[in-house]
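Below you'll find the structure, written out as structure tokens, and then a few comments.
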Amino acid sequence: MLKQIEGSQAMAQAIALCRPEVICAYPITPQTHIVEGVGALVKTGDLENCEFINVESEFAALSVAIGASAAGARAYTATASQGLLFMAEAVYNAAGLGLPIVMTLGNRAIGAPINIWNDHSDAMAMRDAGWIQLFAETNQEAVDLHILAFRLAEELSMPVMVCVDGFILTHAVERVDIPDQAQVDAFLPPYDPVQVLDPEHPASIGAMVGPEAFTEVRFLAHYKQQQALRLIPAFSGELAKAFGRASGGVLRTYRTEDAETVVVAMGSVCGTIKDVVDEMRDEGAKIGVVSLVSYRPFPVEELRRILAPAKNVVVVEKSIAVGVGGPLADNIDGALRNLDGRPKLHSAIAGLGGRPITRASLRRLFHTAVENPWQGAHFLDLNEHAVGREIHRVRKIRRSGSTAENILRQLAAANPLPPG
Amino acid sequence: MTQAKTLQPEEARQKLKFYQKGTFTVGNRLVSEEERSVQASEDRSNALTSGHRACQGCGEALGARYAIDAAMRATDSDLIAVNATGCLEVFTTPYPETSWQLPWLHSLFGNAAAVATGVAAAMRVKKKKTRVIAQGGDGGTTDIGFQCLSGMFERNDDVLYICYDNEGYMNTGVQRSSATPPAARTATTPAVGPSPGNVFGTGKFLPKIAVAHNIPYVATATVADLHDLERKVVKAMSIHGARYIQINVPCPLGWGAASCDTIKLARLAVESGLYPIFEAEHGRVTQARKIRKQVPVREYLILQKRFAHLFRDGVDDPRVARLQAICDAHIAEYGLLGEDNEV
Amino acid sequence: MFQIRIHGRGGQGVVTGAEMLSVAAFVEGRHAQAFPSFGSERTGAPVVAFCRIADREIRLREPVQDPDCVILQDPTLLKVIDVFSGLKESGYLLVNTNKSFDELHLRGVVEKLPPGHAVIVPATDLALKHVKRPAPNAALLGAFAALTGLVHFESVKRAIAETFPGKVGEANIAAAQEAYDLVFSHERAATV
Amino acid sequence: MKTMDHDFAITLDVGTSLANHTGSWRTFRPTYVHRLPPCNDACPAGEDIQGWLSFAEAGDYEAAWRALTKNNPLPAVMGRVCYHPCENACNRAQIDSAVGINSVERFLGDMAIAKGWRFTPPAHKSGRKVLVVGAGPAGLSAAYHLALFGHAPTIHEAGPAPGGMMRFGIPKYRLPRDILDAEVARLADLGVRIEYNSKVADLQTTMKEGGFDAAFLAVGAHIAKRAYIPAGEAAKVLDAVQVLRSMEGEDKPLLGRRVVVYGGGNTALDVARTAKRLGAEEAIIVYRRTREKMPAHDFELEEALEEGVMMKWLSTIKNVEAGAITVEKMKLDEKGFPQPTGEFETLEADSVVLALGQDVDLSLLNGVPGLEMMDGVVHVGPDMMTGARGIFAGGDMAPSQRTVTVAIGHGKRAARNIDAFLRGETFAPPPRHELASFDRLNTWYYGEAPKTMRPMLEIARRSATFEEVVQGLDESNALYEARRCLSCGNCFECDNCYGVCPDNAVVKLGPGKGFEFNYDFCKGCGLCASECPCGAIAMVAEEI
């Protein structure tokens, strides 16, 4: 059913349609509306057979989900940013234990400095935890990916993180087609765990594994996650048939067929990029974009196939691995490894801490990549004046205090009114 | 015939009932199987079975089997255990062998209470009667697991949390925890300098904090009093909601004591008043186990190398008196002296 | 694509206004996107919300930089921020005030816009009258429908009713109706 | 239980650690041992007290009685007259008070009489004949054991009735005669022949005529020791043996209203208490030393004092006249010996009874070659055999304490050696276990349970009648008392080892079968040994 609805509410309804049995809620901006939404559905009785547990921290949230999932219940939770880091230990643990928990990540920057706005630092911090990470471009896709996530998680006994840009999607009201219960039930069978805590069939789950078998355990986790590269398209196909629309897949291409410049990005920014691609195509530029849905597992073969013919690959990503550069760019670089005549790779860091990524800036970026390429990571719309002054000042005075504070002071001095 | 001093029938029956040799021992050949302790039974579940890698004389291994076997009997073996990281976890489940014989889950060091909440929630939503126990050492309970534990208490989740309190981080090599007693030497409170060992005036006695959550049941116990321990576990399993039992389990390695003294130390901890044994229901202390044969705390301390610095050069350190004062305070607070109404 | 930017203060229903507007467009089978200037809005702080309306899927996620319409819920913001930033020359301006554009020193802005594209409406007064709360957003949407003709007033009414079920919705609809009527008559007067 | 399909390595099948044999960690191994309980150790009759108490505490009184009578055929008697050194040795005395072993023994003995329990006769008869001289405790005991061995013992008793000094030396109020008779009858029932009024004057002749293969001599000390005391012609001076023996006949001794007894042993007390019962207004015991030095048992003195017997400490009788005696006051020197002070005192006395000890009539041994006699007793070896082959001796005849219990022990030991002798072998006593001393116990596990006091006959009746002074226990009291036993040194199946083993390495074998260690898993921590209440587990170093 088509609705004009806030993204968080749409996701809440979709999650409820997946019949989760245990939901763990802890507030953190910007995912809060989602669990509030599901919680209300539990309270009203619209979502039956569901324990909604208000926990005392994100660490507990995922831990409760771990217990519930190990005991055979379909478990769900949501978090963001600091919350994900606070539960980091449990994030790895859930994956290690092979528990098919689904978690929404309302992507948000990580402090300090504290920042509640969108970027992908949080997802990147947990990219190696063993979870499948799927990035939604729209709220429609966010809805569909959640339904797909439960199917995928339970098929593989592996947790899935659905990454949704905080505010940009979670708080955006837009048109979303919410499937009905019968459609979801037909797509998503009841949870039938491979292993479960059961007094009838006792086992010890969570053993200590030493050097003699740890490598094998990790190999198997890696092997298992790669199965998702096959399953995600398969399930997306099923879902398209059932719901009458294409969602998911490991990635989607837009006007890449003859593109000399291919942009790669994840999440909601892909929409803006598509608009820019259309504009530039209209101007004659051979440009396309790849929207990467599955960041983990990383679709190396698929990316090689698509990117190989291009001359330039521009990676636009909302995170910075301090000291290295863009982690997505690094992964793309890895995908192109040893490729003969491989395209040039241009890494751009954009939208950190919620800075708007505008069409204008992107156009400039794509032109520059082709005409005047840079080395290393490019920070889109960087206030070079502010950083230049700070670098200069730090060179002069040691112990100059917090860089963030200093830049804020400078900005305030330079521009008394924040931009509208 | 005139009776001089003889037992009245009621009195005699009372005495016979408790058959002197069987009052405190694990079993008693003269009472029926049902009246004996779980541990006396040939059919006990041995939930924690042989072949585990605990040190010789491990109090925790003992306490865990006591508690879980009792819970197994109380639940007709319809039980799931969640374990925090720590000695108990490491010595029972190193790949490829486990010593547990019930469904058991280990997740992390600090989240056992929350994981157990999840298991309990799953059982509720699945409409199963299966009961849930979370267990961990004092580090996993009073320190790193404290937040999850408090949350579980506060929500009154249907979980019995058992803390095996050996007063330190033994798994990592005997470091101080918030359950380490004053003056005790640990790897992080070495017995050097002007104030050797752990400082006075710190630490926390978690059972009181548990009581402050107004949960249905809180109790302390030791491996030295099996009947008391089993009774408390059985009682806990008869209650739904959040429950907490803290069991004193001496650690021969960490305490620097002979492996054969494990139970004796637990006994002396109680009999000195250092470790008050009580139970509380809904925020109120309802019973305190009386001291049977009071001993000065010195007798307890002197058996342990972690307190050896208190007895150097044949002179008692003034800290011994301070520890005795702690015992005396416990005795006064919980009313540990006098006749015990319950045996 | 038609882009609207709404300026107001926390508590004035700025975000809800944008959302209701998107619903009104949705009701008409169009694509619409509403989103706030993301942040931890506290009551009284300057707040911006955006709405895009189009006849095809809206992919753009950047904040509205070059609005087709600016709705100013609170004229006191004029001293704080540049609410007209990027406003298209063919754009619309809707200001909630009891004063005139001259009194607000907005003559210059209004004159840049096509005639009849700038209008004032005492939305807060209307809200106080009908809703008994200083929440001018519904009234402004009524005025917006009248000013731009982008959405039918019937759609605005449905959007308000979906957002505020029951009596509150009716009161808001009444406020919107009065604003609509006010602007509609004003516009007709201007065009006649 | 089906195994689940599960993850590699991180999920494990239950109980798989049984493959890990932690027994290899062990440097000390626990072993179950039997240690000798101090009661058994102290019992002159060699009773397995702890053994029979363990039946009694389970309420199986017949089994208890049968276990008891393996060593002692006269529990009802012994339950009255034994001075119970077992109780003095009892470890429980260090906790609260000794277990009332003697009272439980009497309870069992009395129950056996009441229920008519009989001894089980031996399966085989040897056809060998053994002469037993004297039907006192030693003789009866030896005859009993010999009968159980299948031999044919015949007791020649000089007197008209069995019991020896039990009958002629112990007053009725301490040992009712029907009890004695009942237990002797049970022996006769087993096949012990007793010929009364059959004094053996010449051992060799009797043996030859009777065709005996061996002999056990157990003649009691019936001859009173005398001391020279100047006495007037009208003075009435008797000896204790004479007085107590005449109590068994028709004519009771005439002692008068004021009786003085001279001596400090149990016999002196018996005489004084008998005198009170015969109507004496005053019974005074004159003893040359102090209460602390008195050889008589303190509990008997207490009973005597309760009954009105008076004591004259630190006094010797210098002269006896009709109606009065003169005593000299004594004082103890530095070494504790009484020394005369030269101070004299006169006491009224209608009679004086000397209770200064007894001797054995050894005349029957005249002419037996190889016998060695010294200080009025026959020298015997550890096997109770005298210097003459095949001739054994015990009881008062052999050098030792002269108590009924010692005599019963002698009888048993002699019987075992006679049995071996008859088979041409040497009896080798089993090695004695290490003593289960108090420090071997973990007394924490024993509940608080003070000793049950045996009811006493009220004072008024005690001084007027010969009714038994000390009463028996009823069943609940006896059971309670039996259960006070700590079972020192011997497993009583308390399950402590089974319970306290952190490695589940103790296997419970079922009721009555005890436990065994599973050395595959025992790490040798020693908790089982420490927490064994009764010290029945020893830690032994592993051989490396």
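Things to note:
Lettered A, B, C and D in written order, each chain numbered from 1.
Methods note: contacts are C-beta pairs under 8 Å (C-beta built on N, C-alpha and C of every residue); 3 or more make two chains touch, one makes a residue touch a chain.
Since the model is a prediction, treat every value here as computed from it, not as a measurement.
Interface comparison, A-C against A-B: more C-beta pairs in contact at A-B. Remark: the per-chain Cα centre closest to the mean position of all protein Cα atoms belongs to B.
Separating the CA-averaged centres of chain A and chain C is a span of 34 Å.
Between the Cα centres of chain A and chain B there is a gap of 45 Å. Chain A and chain D have Cα centroids lying 91 Å from one another. Centroid to centroid, with C-alpha atoms defining each point, chain B and chain D lie 48 Å apart. Shared interface positions of chain D, defined as residues touching 2 or more other chains, are 9-10, 12-14.
Taken residue by residue, chain A touches two or more other chains at 97, 198, 201-207, 209, 213, whereas all remaining positions touch fewer.
None of the residues of chain C touches two or more other chains. Touching chain pairs in this entry, ordered by label, are A-B, A-C, A-D, B-D.
On chain D, the positions that touch chain B within their shared complex are 9-10, 12-22, 25, 57-58, 444-449, 452-453, 455-458, 471, 476-477, 479-480, 483-487, 492-496, 498-500, 502-505, 508, 510-511, 518, 520-521, 523-527, 529-531, 533, 539. Within the complex formed with chain C, the residues of chain A that make contact are 2, 4, 6, 29-30, 116-118, 138, 165-168, 171-175, 268-272, 274-275, 354, 356-359, 417-418, 420. In the complex of the two chains, the chain B residues touching chain A come out as 77-80, 82-83, 89-90, 92-96, 98, 100-108, 110-111, 114-126, 130, 147-148, 150-151, 154-155.
Residues of chain B that touch chain D in their complex: 1-7, 9, 12-13, 15-16, 18-30, 36-37, 39-40, 42, 46, 48-54, 56-59, 61-62, 65, 92-93, 95-102, 226, 252, 258-264, 267, 293. Those residues of chain C that touch chain A in the shared complex are 7, 18-19, 22-23, 25-27, 31-36, 38-40, 48, 58-63, 65, 80-83, 85.
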